[in-house]
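Some structures to go through are shown next.
Both complexes shown next keep chain A, but they swap its partner, so chain B is in the first and chain C is in the second.
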Partner chain A sequence: MKEIIRRIVSSIVLIIVVSFITFFMLMMIPGDAVEISLGTEATPERVRELRAALGMDAPWYTQYLSWLTHAITGDFGVSFTYGETVTSLLTSRLPVTLSLMVMAIIIAVLALTIGVFAALKQNKTFDIIARTLMQIGDAMPQFWIALIFLVYISAQFDVFPISGFTPFTESVYGGFMSLLLPALVLAFGMIATLIRIVRSSMLHSLKQDYMLMTRVSGMNPVVAIIKYPLRDALIAPLTVIGIQIAGLISGVIVVESIFSLPGVGRLLFSAVLKRDLFLILGLVSFIVTSVIIITLITDILYILLNKRMRREES
Partner chain B sequence: MKNKFGVLFVALMLTFVLSACGKGSEEVEDLLKENKTEETKDGLKVAISVDPDGLDPHRTTASSTFVITNNIYDTLVKVTEDGEIVPSLASSYEQSEDGKTLTFHLRDDVKFHDGTKFTAKDVAYSFERIRDDLGPRKDNYQYITEVNVIDDYTIDFKAEAPSASFISDFAYPWAAIVKDGSGDDLKKSPVGTGPYRLVNWTPQDNIVLEGVEHYNKGAIKNVEFKIMPDSTAQVTSFKKGDIDLIETTGDVVETLGDAKIIEIDNNSVQLMAMNLENEHLKDEKLRQAINMAVDKEELINAVWWGYGKEIGSHYPPVLKGYVDTTNTYPYDVDKAKQLVKELGREGITLNMKLPTDYPNYVAAGQIIAEKLEAIGIHVKIETIEWGTWLTDVYGNRDYDLTVVGHTGRIDGYDLLEKYGSTRSDNYFNYKNAEVDNLLSSIKVELDDDTRMDMYKRVQTILAEEVPAVYIQAPTRIYAINEDLEGFTSYPIDVFELKDLKFKE
Partner chain C sequence: MRKYVFILSVILLLIPLSLGIVSFFYTPYPITEMDIDNRFSGISKAHLLGTDQFGRDLLSRLMVASRYALLLGTVSVTLGLCAGAFIGVISALSNKWISMIFLRFIDGMLAFPGIVLAMMFVVVFGDGLYSTLIAIAIFMIPIFARLTYSLIKEQQHALYIVAAKSMGLSTPRIVWRHYLPVILPRLVTQFSASIGSAILIESALSYLGLGVVPPNASFGLMLKEAQSFMLSYPYLILPSGILLVITVLGLNLMGDTLNDRLMKLGDTHD
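Now for the complex of A and B:
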């Protein structure tokens, strides 16, 4: 309990620090929303006047503090580009990105079985094919796989839309189909690493003495594998999944752009290009918060699965 | 027990995935059929690559905004295909003898999308917004000293000095008329008088417009702009028939087979600017040598697949008053090389800053850099983000060479004025007394022929003194659904949805 409170407090501090660094960096890098929106019309006087009119001529720390005090009360400001509140932009994008990530994770988890079988059939044809595919999967950049999917699958088969997202509330099937390919691409990024980890930790567990014991005791081999080495082998990928979910964000930007999905990743990307300060701050704070929560959950799951750790703690 | 549930879960997921893949195809085909018949009747789908920068025409300079808002709002006057100015919201207009006053008589039968009547008050309000501190084009309208509402349907604009390009300033999409007092909601909920009204804008997804009734009967009723950042996705959708209109590039045209392609000569100008404050580049002879080192035709072929019109000065061929200066310093590497040697500037190093957001400018810059190496000038290329470019190059003039494009204008003066020696947007640091004089006389010269001669003179001087290597006026390429008719091109960077119709 104490541990959890300590972590929550440090998380809040972390979020504020990250938002501060983000703000500071945006102030330091050349170009701001005013210059971008003025484009080649940006004469120095025009920039100065427009900044003043928008309250952007105040010292940066005053601007940051005013953002922070508003943010604490839940007011994340209005996007300069869209003229809409950051909160409503974020909440309308969230279902897309969340569904996409959840689907990608489900696919990745399903793919774990490949690793399990590869370990059971070590050095057999299945294992060799699986390992080759892993190598290829690791080597292919996501944007490339995405383009290949687009040109060779979406363009050929009407069931997969080339662009856009159908909300699940409108059609479960349509929503599923609009996300399947992007989710596959996203999953590709994690699958190779995950399979390799499962395979090697599975191999390790299969060589343990307790496997001999289950054989001796006459236990059904399938039950034995599920009960002991598989359970053991899942701990390692679990930690990795936690880290990879955080890493998914960058993949999400690529995938959402290519498949024209209206998600958080693309929103962040365009916000950065347009130097939409409040939008960037809002999104970064949100992403950091989510990553912290995900890590926290992974840690808890880790403790639940790993009896040894639980014992050590008590 | 737990493990059994796990297996069950996996099995369930698998069935779900497999069944979803299998069963759907028939249903979907039916759905698609339904959609298709519906779409070809009154739905137009246009792909655009970025969201508009808000839908408020008075608060941005982004062409991505005007592509949309041009259909939502009207302007007092409009420019036709041939560059003529014709009445739009104004039924007629007249300029006073001294050229300082412009009087507009407004149409009395126009309503905003919310039903309010359009009057002179809306015009006054709109120009108040255009000219206030938040307006990015404020400077372009500063010469207007007074706006007087005479009655509901008459309005006067007074300028400090006679101005020949006066009327053209009312035809740009950023001079759109918005409703009196509609204020700051315009970014997301625009209220205009135009042929289309906004139904919905889901940022990064789509923008849905609907034709306003009793406006231009026969036009397409429902229009959807799909925001698709990836060009492969746009082309693939177009080929599949999901999208009716895309803007595309020369390399793609070949892959589109017999699709209907429309080429429009644009009035913008792309160039490699030189910083005349640089100790080497201040030498006019060196700049001429640089110009001779670049094979513009080859450059246009390599970067723009040959879609573009070579230029010799800061002026697009489609604009009135154009003079062909492309042969002032024709391509000649040997001569260029010799000139550099004679000037004793062999082996100098110049810094080239290129904006990464515009891959074409980066490519063009790289090719030019190679050409300059060939005549003995080293080029250090630095690619920077657009925001950084604006600050460093455009704002602080901290660069030697850069490649960039300038948006087109209806009147040539608006293109040339940046060469005035005191202008803050003169990032070339170009100074020429004759050009300064010409620019101030053009502004007040009301006789068209005399003005055109002055435009030509400025172009010739620029071509001779080479403050920039003028590359091309680009060609815009659109691929459109072959059933689509009426696509019209305008000298400004927009197209009008109301011109479009599907073949019966």
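Now for the complex of A and C:
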């Protein structure tokens, strides 16, 4: 319990540090956000007015504190380019990104079986092929996989749209099809690492003395494998899922841009292209905070699972 | 088996390396030379890998792209390694409070997804070759800082360090003569593993139009340019993509073998 509270406190500290880093970095931008947003035609008076209206004439720490206190209540300010609040932009884009990520994670979890079989057939043909493919998969940039999918799958088969997104409310099938390829690309980025962890965890447990014991006691080998190594192996990826989530979000930005899905990643990308500071600040803080919270949850889950397992064993 | 993997990684790496080195003094065509009559020429005797939408020679562009990829990867990771190791040493050896501030800061940086951090740096520094380099270097700093920190903490109570301290050696000298030789192999392993990911980040940034900008050549940029024509000329996305995969695969395999070697060395020492 003490450990869990410690994790929660350090995560809160981390979120504040991250928001500070983000804010500070964007403060360093050459030129002034207000001047950029008003363009070259702006009169000095207009610049001064807007700056005062946005509270940008205050010293940076005041600005940071006021931004932070607003951000906590869910108010990230207004986007220059869209003229909407960052929060409303975010909530309208979030469903696409979330369904994309959930689909990618489901695909990745299904792919874990490869790791399980690779471990059971260590150094046999299946294992060697799986490992070779994983090495190659690790070296392939996601945007290239996406391009190949577009050219050799989307363009050849009509069932997959080349770009764009059909909302699930319109057509469940269309929504599923428009997300399937992007989700596959995203899953590709995580699969290699996850399979490797599952495989090595399986190998580790298979070599333990208790596996020999199950043999000696005449336990059905399939039951024995399900009961011990498989259970360990499926918990192992939890430890890295935090890191995986960060990687997943990197992938989301690229994949959403390529498949033109109206999600958070593409929103951030267009915000970066247009130097829309409040939007960047809000989105980056939101993304990184989510990463930290997801990591925290997996950490706590891991602690709890470990404790239960230890109790069961003793 | 291990030996063959190492040989394979060397062979794979030699491809972009030789292309990149040769590109310094020879390319079949200047990389910006356009030949509009010969656009999308496909594989031919005049253009071994064909031409792009402006009739520029793909092989020449790929040679220059491998040069940039390897240079950007190596230089940015080297910068990240030096700065990161320095910060790691400081936070491991200074008092509790300074160390805590450094560590929180490092953790904060590590919480950013790679591309997000790099994108923010591009917003700050503008796009182009040098800001891409700096963005990737800064992205690497916390990784090496964390590693150095934990390596030093691991060794802090080892007998040889305690002995060196009791002899009254200065801290910089202890770091240089005693810590560094011990932690260097691990840093080198991380170094070789990181170059691959640095190249992947560079290509993704260039692909998004935030990294290396035209008329320069880079794998990501070439794929970005190919994208608009890929439905009519699917071949265009292959050469640069495959060479990129070969480069990163070679680097990753090299890193893996180094890592295995190191583990074995560690075992015999114990």
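We adopt the following convention: the second predicted complex is superposed on the first by the 252 of 314 C-alpha atoms of A that agree within 3 Å, B and C clash if a C-alpha of one lies under 4 Å from a C-alpha of the other, contacts with A are read in each partner's own complex, and residues count from 1 in each chain.
We take it that a residue touches a chain if its C-beta (ideal position, glycine included) is under 8 Å from a C-beta of that chain, and two chains touch if they have at least 3 such contacts.
Model, not experiment: these values are computed from the prediction.
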With the two structures laid over each other on chain A, which partner does A:92 touch: chain B (first), chain C (second), both, or neither?
-> first
So, A:257: does it touch chain B (first), chain C (second), both, or neither?
-> both
Which partner does A:47 contact after superposing on A: first (chain B), second (chain C), both, neither?
-> first
Which partner does A:22 contact after superposing on A: first (chain B), second (chain C), both, neither?
-> second
Which of the two partners, first being chain B and second being chain C, lies in contact with A:159: first, second, both, or neither?
-> first
So, does A:267 touch the first partner chain B, the second partner chain C, both, or neither?
-> first
First (chain B), second (chain C), both or neither: which does A:176 touch?
-> first
Of the partners chain B and chain C, which touch A:275 in the superposed model: first, second, both, neither?
-> both
Between chain B and chain C, the one with more contact residues on chain A is chain B
Which superposed partner A:110 touches (first chain B, second chain C, both, neither) | first
Which residues form the common part of the chain A surface touched by chain B and by chain C?
-> 29-30, 147, 150-151, 155, 257-258, 273, 275
Which chain B residues qualify as touching chain A in the complex?
-> 3, 7, 10, 13-14, 17, 20, 24-25, 27-29, 32, 50-51, 53-54, 56, 59-62, 132-134, 136-139, 184-188, 202-206, 226-230, 232-233, 236-237, 239-240, 242, 357, 385-392, 394-395, 404, 406-407, 424-425
Please give the residue numbers of chain C that touch chain A in the complex, ascending.
-> 104-105, 107-109, 111-116, 119-124, 126, 196, 200, 203-204, 207-210, 220, 223, 226-227, 230-231, 234, 237, 241, 244-246, 248-249, 252-253
In the complex of these two chains, what residues of chain A are touching chain C?
-> 13-14, 17-18, 20-22, 25-26, 28-30, 135-136, 138-144, 147-148, 150-152, 155, 246-247, 249-250, 253-254, 257-258, 268-269, 272-273, 275, 280, 284, 287-288, 291-292, 295
Chain B-facing residues of chain A, complex = 29-32, 35-47, 49-50, 52-54, 81-84, 89, 92-93, 106, 110, 113, 147, 150-151, 154-155, 158-159, 161-165, 173, 176-177, 226-227, 230-231, 257-260, 262-263, 266-267, 270, 273-275
